[in-house]
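Heads up, there are several structures right after this.
Below, chain A partners chain B and then partners chain C, in two separate complexes.
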Partner chain A sequence: MEIKQTAIDGTLESSDIQITVSQGTAGVQIELTSDVAERFGTQIKATIAQIANDFQLENVKIKAVDQGALDCVIKARTITAIQRALQTSAEPAWEVL
Partner chain B sequence: MNPEIRALNLQAEDSKRQWEDFLIGLGIQDFSDTEVSQLDQTLGLFSDGQLVATGSAAGNILKYVAVNHTDLESAGYFNRVVSALLTNLSQRGIFHVLVYTKPQYSLSFQRVGFQEIVHSETAAFLETGDTSISDYLAKLPHDSSGQAGAIVMNANPFTLGHRFLVEQAATQCDRVYVFVVSTNRSLFSAKERLDLVRAGTADLKNVIVVPGADYLVSYATFPAYFLSATTDKIVYQTTIDALIFKERIAPEIGIATRFLGTEPQSKTTDTYNQVLQRVLPPAVRVTVLPRKTAPDGQVISARVVRYAIKNDMIKSVQAIVPVSTYTFLNNHLEELQQRIKKGMKIDGN
Partner chain C sequence: MENKLGRTLPADVMEQLQLTPFQTTEIGNPEVQRTAPQVRLSTGNDKVTNDLKKIIQENVHDGMTISFHHHFRNGDFVFNQVMKIIMELGIKNLTLAPSSLTGVMNDVAIEAIKQGTVTAITTSGMRGSLGDAVSHGLLAKPVIFRSHGGRARAIENGEIKIDVAFLGVPNADRCGNANGSYGDEAFGSLGYALMDANYANKVVLLTDNLVDYPNTPASIKQTQVDYVVEVDQVGDPDKIGSGATRFTKDPKNLKIANLVSDVITNSSYFKDGFSFQTGSGGAALAVTRYLRAAMEASNIHASFGLGGITNPMVELLEAGLIDKLMDVQDFDKVAAQSMKNNLNQQEIDASWYADPDNKAAMVDQLDVSILSALEIDTDFNVNVLTGADGIIRGAVGGHQDAATAKLTIICTPLVRGRIPSVVKSANTVVTPGSSVDVLVTERGIAVNPQRPDLLAQLQNVPGLQIYSIDELAELAQQIVGTEAPLEFTDRTVALVEYRDGSIIDAIKQRKD
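Then we have the complex of A and B:
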């Protein structure tokens, strides 16, 4: 699937994560800012990468600014941002959920 | 109670006073109309009715971000205000956001995903979003052979004076990058100016014309170029602009020399030239070129062309613009005059 526009979801508040999805040219690129990047960075990126993979995104830039979000929050924010970027927010993504 | 975010209406006298008092308490003093009137939105965070944090945006630039840091919750307040501003901007389709701040606050912005582009002793310049200076640099045509030179111009519009600078630089370097200002606050739009520079230099094979984007003489790096400002302010803004050129752009594409035109008429540009001469060497050499004079002995100036448009006498400037610019003037005269009638200033840069 191709990213149609830049989209954002989430906030910078405690326990949340802000995800910005935009067009990429070099595969799935994930840039993470997090105070807990050292301990959980790999896991957070893996969660996001899995969802990008479920949506069959080939080229995408995902910027994640984490404030200590739980895994379920990371998933929800990533799915919403990707759907907005694909302009498919109105259609539930059953294969991803 | 969870603090509440509200839009502040700076048109309302008491809101504005509350906002100013809060900022003055945190050491922010500049509430000149030229600054404040640029703000598209201002948010306030209130805890028990007290203003505890605020932030504003002008275009894609965050301004007047301030938090009462005696409060234990100050980090959370900062994040909430920045977050709300970014969300509002994203709803208007703005995803690339820049901020000028004091160096001591750079880290706070970095913790919410901003990346520092450069910093000076007095200011830091950061960005976040779906594009970055790395993307911009990657898109510039790269060529590692020989020595490169650079010129930055607004070219509003491109004249034979600009052409003369480019020609001089092109004889002194193996290739010349011409960066055209991208900010849309001039009589000629960014695209028109870029196209006219391309058309007017198309025959010069070692000249590469590129947009300056948000990074060179933009409304973000150097607002004083577009708004009136004190010399102090011009110096610190141009220092950041010069540092971006020196530390980020020049090394990436091998620029050894920056060419400037002498500036007898504009104080702002003259101050900018002085700052460039102080900041760039020795990494980048600065060469000042004399300006070309018209047959009548006057220095060629784009301002003269703009006045000729206004006064409906473009024939008088035929001798000081390239054919491509002159053709454009003829084809778009009415439209350009309309823009001036609608209030577009033609006196500045």
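Then we have the complex of A and C:
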């Protein structure tokens, strides 16, 4: 799938994560900022990468600013940001959910 | 080397400093020897000066131990003023022994360590950039963390031998009579500073408010003071403490507070004349609100409230629900004001408050204590010193001391963001699980298996969900997922003393 526009979801509130999805050129690139990166960074990146994979994104840049979000929040924010970037927000990707 | 709690301690450092590993919370009845300070005689006519530099030059020398109190908290101007002059004079190799270190002291403390001015520290806590720097190995010698009671004990028995104490006060007369109640920077109880005034070889008061002789009430007395130094300002009144401590509005904390109140009121300790102490965390403070309603409904009043005093405690005193407040520190202006005006609010020093090597401390008489935690492990051991990243960012405070209460309740959210509070193994152990009785989280409570009597009292209380602490740790892990372990080097950056002086844990340097 092709990224059509840069899109964002999430806030910088505690326990949330802000995901920015934009076009990339070198596979799935994830840039993570998080206070809990040391303990949960690998897991957060894996969760985001899994969703990018579910959407069959080949080249994408995903910037994640995490404030200690739980996995369910990370998934929800990532799915929404990707759908906005794909301009498919009106058609939920049931197979990914 | 491991102590009784299975915490790994550095054998070489322990041997070098002649320290013993933690064994037990029992103190027993041994006989101990206290020390006394040297006294430079004076008739009182040569004490006042405005030349701080001269006083420091004449009294502070390489290798000495100097001390400060932290009653001004983040509004403190004394520490930075004194330390800057000490650095300017090129004095080296000092041991810093304050009652605690607050954020406003961080920059100067770090600079003093870098210059070799300070080469050793003992304190109750440290935070922010200083905690971070020490956790990354800034200081060659390990920091010794002590509880407020532990510090009092160490000062009395000479483990901490203070050469010069620099004590900021909001008022003083020309001979050194001073209190914490009057003046622009009034903070109330001088509890921690009274130890330094009593045991330091030289006591230097700093004040911006020289009042008529004799000044009363005299918490610090002219018999203890060598110099009274006039300075421009000892602190920023707006940063010393809030006007009145507000109750939390966080629903999670309120739920926890409500559950804590249920635990107390359904325990056998909730009877007329009981005593309690609350910590300064959000949930711990809010307990007072629910407890008050229960006390009024059951017509039960408390004989005393202890510790750091806040507005909610003062309200109970004024409502006649508590007979006395025993006050080692005031966290807000209402509490400070109340100590000045209410004879039933007694200023106590850190020894009277919590020193285990004593002919009885207040904490020994305490029924219920409500304390917070950064982490609690499945043996009920509590960490209040290092964060989830292994960095020093807290204080022992009175935690170990108040935990000796007959009913010690630790209240904490099960998780904070993605950080679990109930864990299999805590980063650092400050308070041993054997002195903790009940854990309260928003999901439910856990009772220490060594207290079947409490379990029996609490197990049929409506709304009180009882789990084992392992179940709560499991639940927390399900919520946050699996963590990668933190990496540390072998170097010890700090040792945590139990209140009796034995070593309860070691803090290692973080690996970058």
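Here is the rule we go by: the second predicted complex is superposed on the first by the 97 of 97 C-alpha atoms of A that agree within 3 Å, B and C clash if a C-alpha of one lies under 4 Å from a C-alpha of the other, contacts with A are read in each partner's own complex, and residues count from 1 in each chain.
Heads up, the rule we're going with is that contacts are C-beta pairs under 8 Å (C-beta built on N, C-alpha and C of every residue); 3 or more make two chains touch, one makes a residue touch a chain.
Keep in mind the model is a prediction, meaning the values are calculated, not measured.
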item	value
Combined model on chain A where chain B meets chain C, clash or fit	fit
Touching partner for A:13 - first (chain B), second (chain C), both, neither	first
First (chain B), second (chain C), both or neither touched by A:96	neither
Which superposed partner A:39 touches (first chain B, second chain C, both, neither)	second
First, second, both or neither for A:49, with chain B first and chain C second	neither
Which of chain B and chain C A:67 touches, first, second, both or neither	both
Which of chain B and chain C A:28 touches, first, second, both or neither	neither
Distance of closest approach, chain C and chain B, by C-alpha atoms in Å	7
Intersection of chain A interface sets (partners chain B, chain C)	14, 35, 67
Residue numbers on chain A that touch chain B, as the complex places them	6-8, 11-14, 18, 20, 22, 33, 35, 61, 63, 65, 67
Chain C partner contacts - residues on chain A that touch it in the complex	14-15, 35-36, 38-43, 67-71
Residue ranges of chain C in contact with chain A within the complex	388-389, 416-419, 479-486
Chain B residues within the chain A interface of the complex	76, 79-80, 82-84, 86-87, 90, 95, 110-113, 128-131
